[in-house]
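Both of the next two complexes hold subunit A, though its partner changes from subunit B to subunit C.
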Partner chain A sequence: MSSESIVHLVHFLGMLLLITSLGIIASPLLSACIRFYAMHSFLLSLITLAIAYNHHLWHLGISALLTFLLKVIAIPQIFFAISRKIGVRKEVESYINIPSSLFLAVILIFVSFYVTAGAKTGSALSSWEFLPIAIATVFLGMLVMTTRKKAITQVLGLLLMENGLFLMGITMTFGMPLLVELGILFDVLVGIIMMGIFIFKIRSAFEGIDVDDMTVLKG
Partner chain B sequence: MTKFLLLFFQWLLLVALAPSVSWFIKRMKAASQNRRGPTLVQVYADLIKLFPKEMVVSQTASWIFHVMPFILLASTFVVAALVPVLWTDSFLGFTGDIIVFVYLLGLGRFFLALAALDTGTTFGGMGSSREMALSSLGELALLLAFFSLGVYAHAFSFAGIMTHFAAHGPMEVLFFTNLAFGAILIVTLAETARIPVDNPATHLELTMIHEAMILEYSGKYLALIEWSHQIKQLVFLSLLANLFLPWGIFNVPTTTALGWSVLVYLVKIFFLAFVVGWIEIHSAKLRLFRVPDLFAIAFVLAILSLLGQLMFRG
Partner chain C sequence: MSVVGLLCIPFSAAFILLLPWPRKIMRFIFMAGGMLTAASGWTLVFGSHFQPRIFSLGGNLMLDSLSAVFVLLIVTIGVLSNIYASGYLFREGPAELSLGRLRRYAFFFHLFLFTMLVTVLSNNLGLMWIAIEATTLASAFLVNVDDKKSSIEAAWKYLILCTVGIALALFGVILVYYSIASRLPAGEGSDFLQWSFLVDKAAVLDPQIIKLAFIFVLVGYGTKMGLAPFHSWLPDAHSQAPGPVSALLSGVLLSCASVSLLRFHILTKAATGSAFSNDLLILFGIFSVAVAVPFIWEQADYKRVLAYSSVEHMGLVAVGFGFGGLWGIYGALLHVVNHALTKSLLFFCSGHLLYQFQTKEIKKVQGIFRKDPFLGSIFFFAVLAVAGMPPFSIFLSEFFILTAGFLAKKFLVCAILLGLLALIFAGFLRQGSHMTFGAYSGGAPLRERNVLMDGVLAVGIIVIFVMGFYIPGPLHELIRQASLLAGGNTP
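Moving on, here comes the complex of A and B:
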């Protein structure tokens, strides 16, 4: 494949990435949210792989593989296991309904396109278009974190934000050094496991993982 | 003259092929449920058989009830003439035909809803109020998606958009159009009364929308309504095929090119019909109050698509 058509392919994947992050916001079921997250990470690893191939940066290939193993396979499985174990309700509960959170998502995407409109990086990178998409992903992750009631979906929002940061790192700077990326991925994995333990603790203390219950902790 | 004949041929193909596309989806659905489903002849025979049947018309029905099937069919015929099928040109193509397309569909729908109210049955009123509520959401998404394509292609007719896209490579075009594709696909499912929005195979009073409106019709009128519904479905599929996958369309005036074009068109149409059938098999009908969420997704996709055009050009 010529490098031109790979650039177009990467752009196409970037759009699909935006669609899957909207999917996390729009889907009413927890399992669908987790699947959308897995799809999001899969697209992220495909983008990494395409950039690695296009610019002959083979260390990016390794981080694509790690992203695939960790974020597409391991983390969703951990999530499914947690949701099975604590038996949360299948439906996602949020403070605002789906159409208005989608509306907020569109505004956030508008904002992220607006603030990055002047920032067309002068480097030879083919991918300045990814800056707004990465920032939008971070914003959408924040939206998920702030509007969802259950701790488990808030963690999903955090992971979405992390994916956005990873995307920015990959497309703006061709990735951080491999050691740093390994550290980040390990951090995420450990973070998820700790979140799992926390969620269990929250449930045993409050008999539910609705974070509203924690407001009673106020003195 | 040959141009005229060709344009007429593509219109005729669209109108005549319409029942067989809904046959394909029915057959697919039947196969997924371990049934055999109707044969291809059956769907045409159904339509033909309805024509000589006696009609039962309510005594309270006014002229609207009698006029509606003809207006619906006529508006659908004109819509079918607006859409390019085998060629980048269409029978009635002109700049701005996108808007005419959307509002001719609106005209047919308006009379459909009126006629459903006309006989004064509860189901008719329920069906038309639902149809109107949902289509007011869908129309917006459809128009926005068309506008985003138009802005990208610098053209406001189906022919112009298609010619523009056909000149570019697949990945380049898909990057810009996949959001609009999603939006128009959702609107297609809603407009053709397929499963996440409406169930075409049931007469269960709580769920039906389209079927509730035509419950009072029988005989010849029912045949006309069914046929125009099938044409509408094929028109939407042709739009999806030709706007988003415009490659391999007829532009050199030779017989082989025409043959290829027909073949490619059929492949694209039945592929898209397969997609629609696949969605129908794999999803449950949404609760009526959930359907606006689906339209919200279509709307978001359409507006993002429009935004993307404006931003990436920048």
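Moving on, here comes the complex of A and C:
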């Protein structure tokens, strides 16, 4: 493939990425949220691979592979296992309903494109075009974290944020040094496992995983 | 003793403790690990003969005077907390912790020490970020030792809020990396995130991007440091963790976050050549002190009062960094040391109080002095010390910070700060004297405390008393060099 068509492909993938993040916000079912997250991560690893191929950066190839293994296979599986064990299927409970959160999401996307419009283009290191998408993903992750009631979807929002930061890293700087990239992925994996353990503890102590119920500590 | 050697000790101690030892042997290994870590930390710092910089692991780890101060702090408070916990959590008899929970505690305790040491020793900004995130992961299970409802809630909030905060700091790290990678030709890629390299090359960095990065790092590491308004996890985690863990969280973990912030501050100042980061630090610092005032006055739970006082003191440290100059940085670093010693002593006292009264409510705690003059006098002196009473060490460092403010001609800020400190002093005196004096309100203590716990208190009060008059020569020299390093070329 020519370098030109790869650039087009990467942009197309970027748009799909934004759509899948909206999918997480729009779907009322937890299993659908997890699938959308897996899809999001899959697109992320494709983008990484395309950039690695286009610029002949082998360390990005490793990042792409690890992203695929960890975020497309391992983490969604962990999530499915947790949701099966604690028996949460529906995630309708959110502080604001789905149409309004979609509306908020669209506003956030506009904001991220607007604030980065002034950023300089055509710098030495490619793709400033991805900056608004990365920032929008971080914002949408925060939106999921703040509007959903279940502890497990808060973690999903956190992961969405992390994907946004990863996208920013690979498109702005062609990825951080491999050592750092590996360390971040390791932290993410351990973090998810720890949070999973705590979700079980919350369920047995509070008889549910609504973060609303956690009101023992105040002031 | 090498840097890597120091890191190996707590790391291997953690994994040795995972093996199925009986209670007595586990306690022995737990204590031995803590003391070995402390001994090698002291040898490393004082045995290095104050060489300016010692690099290891390809420049990713660095021991300079700044990190030396914090290594000293981590291992010292670490060993005190270790000894206290050996008496407090490893007790036998009624209401003892199960062996499984003890093993979990011992494992995460040493892992926590390891991650904090990596945080302060890392020269690579990416590695520093990874280590700070790892401190959160390692300490979540220390906050939740007993699996009570409130501890689980505190640990969950701590985990989620700090992870989000630190994720924002990653944004800042990426921006710093971008600013150097876009200006220099690739090839030196592996050095690009190294702090010492970045400070040398500060002139070529884009000031706008570095400013943006500093804002994100301030929010991210500020969350971990407990600066208001990002502090909401702090009172929960500090009040729910057992005493020796609260001492570590408050005394050392917050300080580790502050040194990471200081490193970014030094970088920002070198790259922008402006007072941009100084002003932000002063703003958030003052706000933190102000936020703490009403809570210190009105809070009903004594461990939460102590937690809000940590918010206040971290605010003061940020203000000291912001004032800058030799006095400001020296005062702030000395304040970090003094706060760590004093606050950990108070949290150790809270462990004694919980034994005696079985409650954390201030209302129900009265007459400590009449029942137990030893505990009562140490507790009351420590309260006076943390409120900033003259013969104790915290007064000295607060005085230095304010001196720096006057030297920097920030009179309004200093005036506000003095007013707030007076209010906090009065609040502490009110709460502290209520608890210490009057008729004894508790019953018979649930459990006998032991000599290890009492010993830690005695050592603590002597140290903070002496530090008020006399800063030991080597420590003074270390902090002075660190503040020269951080003050850079400021007037």
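Here, the second predicted complex is superposed on the first by the 208 of 219 C-alpha atoms of A that agree within 3 Å, B and C clash if a C-alpha of one lies under 4 Å from a C-alpha of the other, contacts with A are read in each partner's own complex, and residues count from 1 in each chain.
The working rule: a residue touches a chain if its C-beta (ideal position, glycine included) is under 8 Å from a C-beta of that chain, and two chains touch if they have at least 3 such contacts.
Source: prediction; values computed, not measured.
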Fill in the blank from the handout: Counting residues of subunit A touched by each of subunit B and subunit C, the higher count belongs to C
Practice task
For A:Glu129, select first, second, both or neither according to whether it touches subunit B, subunit C, the two together, or no partner.
Solution key: first
Handout entry: Touching partner for A:Leu165 - first (subunit B), second (subunit C), both, neither
Key = second
Handout entry: Which superposed partner A:Ala81 touches (first subunit B, second subunit C, both, neither)
Key = neither
Practice task
Tell me which partner A:Leu18 touches in the superposition: subunit B (first), subunit C (second), both or neither.
Solution key: first
Exercise for the section: For A:Val190, decide between first (touching subunit B), second (touching subunit C), both and neither. Expected result: second
Completion exercise
Check: subunit A residues flagged as touching subunit B and also subunit C none
Handout entry: Complex interface listing, subunit C residues touching subunit A
Key = 60, 124, 126-127, 129-130, 133-134, 137, 140-141, 144, 147-150, 152-157, 159-160, 163-164, 167, 170-171, 173-174, 177-178, 181-182, 189-190, 192-193, 235-236, 239-240, 295, 299-300, 304
Fill in the blank from the handout: subunit A contacts subunit C in the complex at 123-125, 138, 142, 145, 151, 154-155, 158, 161-162, 165, 168-169, 172-174, 176-177, 179-180, 183-184, 186-187, 190-191, 194-195, 198, 201-202, 205-206, 211, 214, 216-217, 219
Completion exercise
Within the complex, subunit B is touched by subunit A residues 5, 8-9, 11-12, 14-16, 18-19, 22, 26, 28, 98-99, 102-103, 105-106, 109-110, 113, 117, 129, 132
Completion exercise
Interface with subunit A, subunit B side, in the complex: residues 169, 171-172, 174-175, 178-179, 182, 290, 292-293, 296-297, 300-301, 303-304, 307-308, 311-312, 314
